[in-house]
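Each of the next two complexes has chain A plus one more chain, namely chain B in the first and chain C in the second.
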Partner chain A sequence: MLAARYITTDKLVPWLLSLSESRLVLAPIRKGGQTVFQPLEADSELDLDGLATSSPKAALLPRCETLLEFHYSKGEEAPSRTSVEVRETLHDQPTFLFGARPCDVRGFTVFDRVYDAGSKRDIYYCTRRDNTLVASLACTDPAETCFCHRVGGGPGDSTGADLLFTFIGDGYVVEAVTDRGNDFLLSQTLHDAGDRVETALKTREAVKAAMPEGEPLLGAPEQVNKLFDDQPFWEDVSAKCLSCGACSYLCPTCYCFNMTDEMHGNDGVRVRTWDNCMSFQFTLEGSGHNPRAAKAQRMRNRIGHKFNYYPALHDGNLACVGCGRCISHCPVSMDVREIVSKAQTRAMAEEEQIND
Partner chain B sequence: MTDNPPTNLYLPDMATIQEVVQETSNIKTFRVTLNNPDRMRDFSFEPGQVGQLSVFGVGESTFVINSSPTRMDYLQFSVMRVGELTERLHKLRAGDQIGVRAPLGNCFPYEEMKGKDIVFVGGGIGMAPLRTLLVYMLDNRADYGNISLLYGARSPADMAFSYELPEWLGREDMVTELTVDNGTPDWKHKVGLIPNVLKEMAPSADNAFAVTCGPPIMIKFTIEALHSLGFKDEQIITTLEKRMKCGVGICGRCNIGTHYVCKDGPVFTNAQLRELPNEL
Partner chain C sequence: MASPIEELKTAIRQALPDLDMVIAWTAGPDSLSHTPLFITDAADIERIEWDSRCSQNLAGYLTSLRGKKVGIVAKGCDARTIVELLQEKLIDREDVTIFGLHCQGAVDARKVRTELKVGRGVQGVTIDGGAASFAVNGETQTARLGQVLQEKCFRCTGADAEVCDHFIGEHGQPPQVDDAPVSTLDMLEAMGMEDRLHFWEDQMTKCIRCYACRSACPLCVCQDHCAAQSRDPHWVDQTDHPREKLMFQALHALHTAGRCTECGECERACPMDLPIMTLKQALNRQIKDIFDYQAGTDPDKTPPLFQFREEEEHIKERKW
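Moving on to the complex of A and B:
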């Protein structure tokens, strides 16, 4: 049976710091006016009040990560000849990710289906995933921009996590979700949770019940697909977009990347960095041809990927977890909920016209 | 997570350039072997599959393996100089080291094409993917019906594989037509646009497949010409080129709707392309 424990608020940081002696502990930390996931240190300002500014996806898919290192050396007999040695650089540091919200953790499952897919397993991602214990924190105060409940998640959803923390006033109920989360809890000296588990469950249900009503966006795939050739629609919904990419970089489900080489003298690295499909360069080909040269086409692909293409390939699961960062941090207040709702309304109206 | 550690999808095999062939002023062919003899011996691929070539310090780019699986002395890649990576590749010489991640992607339906007549229509560097299938079929000649090749380039000097053309022109078991947009006084073959020459050749669509590759505008009008000759979309095969990074369907760069050109392509029939969102 999976375990449940309890920890009082004042013991939380000392407990996390004790964990950091044997592993990297990442937690939402207030710094420079933002809350970002960083290594926890004794003087860190832990911020568990709301959603962190950026998602914790960097724990599994760093913004910039070295995949390969290489070294050129001159031939002894013929200096004009160089040889090159190449080696992979894997990162396997044990990590405890604390305080990720359910939407963000659900985002990891979006990655899992792509990066850990059968014979094509991404060793860099899989190594990090294997070495990272994910402790999520149920939401108790969703923001106006939150819509996890409309895309298959919820404020107390534990999908993708190993441990689920729920705040119940003076401390946290900690429930194991997976066996390794269970093992982890059993090895710690935390209180017995007792009937607080019931309180935690009721807390999560109450939060979910209090979230505003909204049409589910799960039915969007087909409707978005129907609008593929409706260029005026995509021009309309993307008109004010700046193509800045903030939405992609903050999104817990955006996983597209670039690979580039860097050289320093005879030594070099091949790095993988986050990329952004709203960028003109994303699909620009060597010939100069760009399949998505217009912003409207790029927006169509971005929405299409999240609400149509990804679900079609992955059993209907959307590549959107409703965290709302793309809404709250967009410099021109784009709202993905509005775009998808408009798509749904438009597609249904067209269907009715055809039926009439 | 499974217990078996995954192999590294991004770690290229080290390879040595055995020979560099100057095809045209801006196309070179590289013949390479993998440095690990076991990896080279066990290497297998199918006609149409591609590889990522690495010049370490510059990056990677995708090229079709244009040698044939029937001739495994080396792997051959033809590279047109168009950007930074291809520029650097063009500076390499025999003996230099590069990285190879291959084979990637799908292949021509060469099994399904058995017993059929085959029409190859290549333009410029688009001859490269055709060459792998053509050589494969010539090496398994009895498996296929009539084979015809129409290869066109801007000028005689822009024809790649010029050292192989006399053999193809001289073979009695295939028909070869060459054409250029701009002829020279000593040019003995056709002068004219590929689709027009194709209509003159008028290959029969009965029990046939057409395979075409070249610049997008050439493909567009070649497909129209093939339609006018009675070829159906299911009988027309082409290869797509997209900007690619990972080559295995993860990085998200080469998608067309739900399809990733790097793993679901680069080979598609025109019927399959018609099913895809119009975003080529």
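Moving on to the complex of A and C:
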């Protein structure tokens, strides 16, 4: 039996601040008009009302991560010879990620299958993942743009988390999901949850039941695949797209990156930064050729990656968790649900035509 | 008399057979966001929406559709963008059919969510006098304009599309706002240089480098050759330092100096809510002072930085 504890609302921030004495505590904090995951400080304005503007993926995949630092120096005896010193940089600070939503945390499992896959183990990602305890907060008020329940998740889903917090009116029930979450919870002086666990469960079920019905977007892989050569379809669904990167950068599952060496004098850093498939430079080859030169082809890649190529490689798991940020923050209000639904309808129509 | 939206639909219905497409707005994925609609089929005309949720400046699409016969629905500020694009010969007047509107002001969906706590179920938005009202699930909620309008609307220089082929509805004045908040530009100009830099560096920590500001800017025409991602020349590096991000904003602002019509798309598109139109407004103030010029007002004028005059009226270099 995994541990379950309870903490009243007024004790939450003091408890989190006490945790921050021994580790980095990342939480959704109001900054200007937006909510972003930042280190919690005494004067921070914690915002647990809705989905944060940007997902907490930067906790595991920073916008810009220094992979190594290097320094060039000239040899004293033979100045024409240059030597380079390289220093590894690995971030292993213990971190407590608080207040991530179930969709965001499910997104971490999308990364895990890519960055922690046997021989292809990315030490930068894995070091952060191993050092980060993930506490998610069940949703009680999903937005109009939320669709986690259509892509295999749910407002109370605990996939990918170590702890699950559920708000039940005057405080939070905290349930351990993993063994390390359990060990952590047992070491904390929080109240025992008792029968509040039942209330938390009912709260989560009620929220899920209240979400509007919508066709599942799970059956999409084969259908999206069938449309690969359907250029008019992709041109139609991407017509209004501005080809910016807001959707990718706010997405809790987008993990593509770029690597560059940034030098100042003889010192430099090799950095890994977020990349985005809506950008022309994304697959621009050294020759100057770009296999995805048009916006429609880039959109096909974005939808294809999430609903076709990724699930084909990873046991049917989609690379979309339904957080809806790509919809709510798109400058032109593109709707990924609409695109995938259209793809499903179109592929089915084509199939019927063949069968007729 | 038909309502503006019905009049608009009728005008588009009549014009569509001679056009490749008409760009208008339709209901978006949530109650506070309308979204562009590319009409090629007359049946889609019924889907057109027109109220204060129609924020986006559709003129941004025109340059990429050059060569096609395009109809476009435009508010006052959008029409100024079209004027600028015409001046710069980025679009051809004979290919563009403008359905001009009188704009009551556009609401800022983020402000409505935070100020009014209204997020869903909005069926209509009306602006009348100094107030905005929202039809929400059969009830009406009201707000002062100062609470809910977009920043650009507080300083609107003309709510009617001045240059157009069909004007829809009645001409009118910009929204009357008694309680507009102090603009970021005024706030910054009252500060010292150090504090201004600190302000921007703090803001830029939020920037995620998505470049939605650039992609949404109707005057950003370098397209796939943007300095932001170029390695050669290497103006901006890819590290996460606020100064690198600010460097890009400075490049963007300088690039649009004397061209920017303050349509506000850069700021509206920014998912992190950075007040980046302020940088363009600051340069526009300078352009106004030096050249007595305002972008987007006269299709026959040439933007000041597009021309060379031996002696500028306000720059007395021979007398220095």
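The definition used in the following text is that the second predicted complex is superposed on the first by the 356 of 356 C-alpha atoms of A that agree within 3 Å, B and C clash if a C-alpha of one lies under 4 Å from a C-alpha of the other, contacts with A are read in each partner's own complex, and residues count from 1 in each chain.
Note that contacts are C-beta pairs under 8 Å (C-beta built on N, C-alpha and C of every residue); 3 or more make two chains touch, one makes a residue touch a chain.
In this text the structure is predicted, and so the values were computed from the model without any measurement.
Visitor: Using the superposition on chain A, tell me whether chain B and chain C clash or fit.
Guide: Overlaying the two complexes on chain A (C-alpha atoms) leaves chain C and chain B fitting together cleanly.
Visitor: Considering only the touch criterion stated at the top, classify A:Asp47 as touching first (chain B), second (chain C), both, or neither.
Guide: Neither partner.
Visitor: Contacts for A:Ser287 in the overlay, against chain B (first) and chain C (second): which applies, first, second, both or neither?
Guide: first
Visitor: Answer with first, second, both or neither: which of chain B and chain C does A:Glu350 touch in the superposed model?
Guide: A:Glu350 sits against neither chain B nor chain C.
Visitor: Which of the two partners, first being chain B and second being chain C, lies in contact with A:Glu235: first, second, both, or neither?
Guide: Neither: A:Glu235 stays clear of chain B and chain C.
Visitor: Contacts for A:Arg81 in the overlay, against chain B (first) and chain C (second): which applies, first, second, both or neither?
Guide: first
Visitor: Just checking: does A:Cys126 make contact with chain B only, chain C only, both, or neither of them? Give me first, second, both or neither.
Guide: first
Visitor: When the two structures are overlaid on chain A, which partner does A:Asn258 contact: first (chain B), second (chain C), both, or neither?
Guide: Touch partners of A:Asn258: chain B and chain C.
Visitor: Would you give the minimum C-alpha distance from chain B to chain C, in Å, for the three-chain superposition?
Guide: 8
Visitor: Residue overlap on chain A between the chain B contact set and the chain C contact set?
Guide: Overlap of chain B and chain C footprints on chain A: residues 258, 260, 262.
Visitor: Inside the complex, what are the residues of chain A that reach chain B?
Guide: 67-68, 70, 72, 81-84, 86, 88, 114-116, 120-124, 126, 129-130, 228-229, 255-263, 268, 270, 272, 275, 277, 282-287, 289, 291-292, 297, 301, 304-305, 308-309, 312-313
Visitor: Quick check: in the complex, which residue numbers of chain A touch chain C?
Guide: Within the complex, chain A touches chain C at residues 31-34, 36, 53-54, 62-64, 143-145, 239-240, 242-246, 248-250, 258, 260, 262, 269, 271, 273-274, 276, 279-281, 325, 327-329, 331-335, 337-338.
Visitor: Chain A touches which residues of chain C in the complex?
Guide: By the definition above, chain C touches chain A via 28-31, 33-36, 38, 56, 60-61, 110, 114, 119-120, 203, 206, 208-212, 214-216, 223-224, 229, 231, 237-240, 265, 268-269, 271-273.
Visitor: Touching chain A in the complex: which residues of chain B?
Guide: 1-2, 5-12, 14, 56-61, 82-83, 86, 95-97, 99, 216, 241-243, 245-246, 248-258, 263, 277-280
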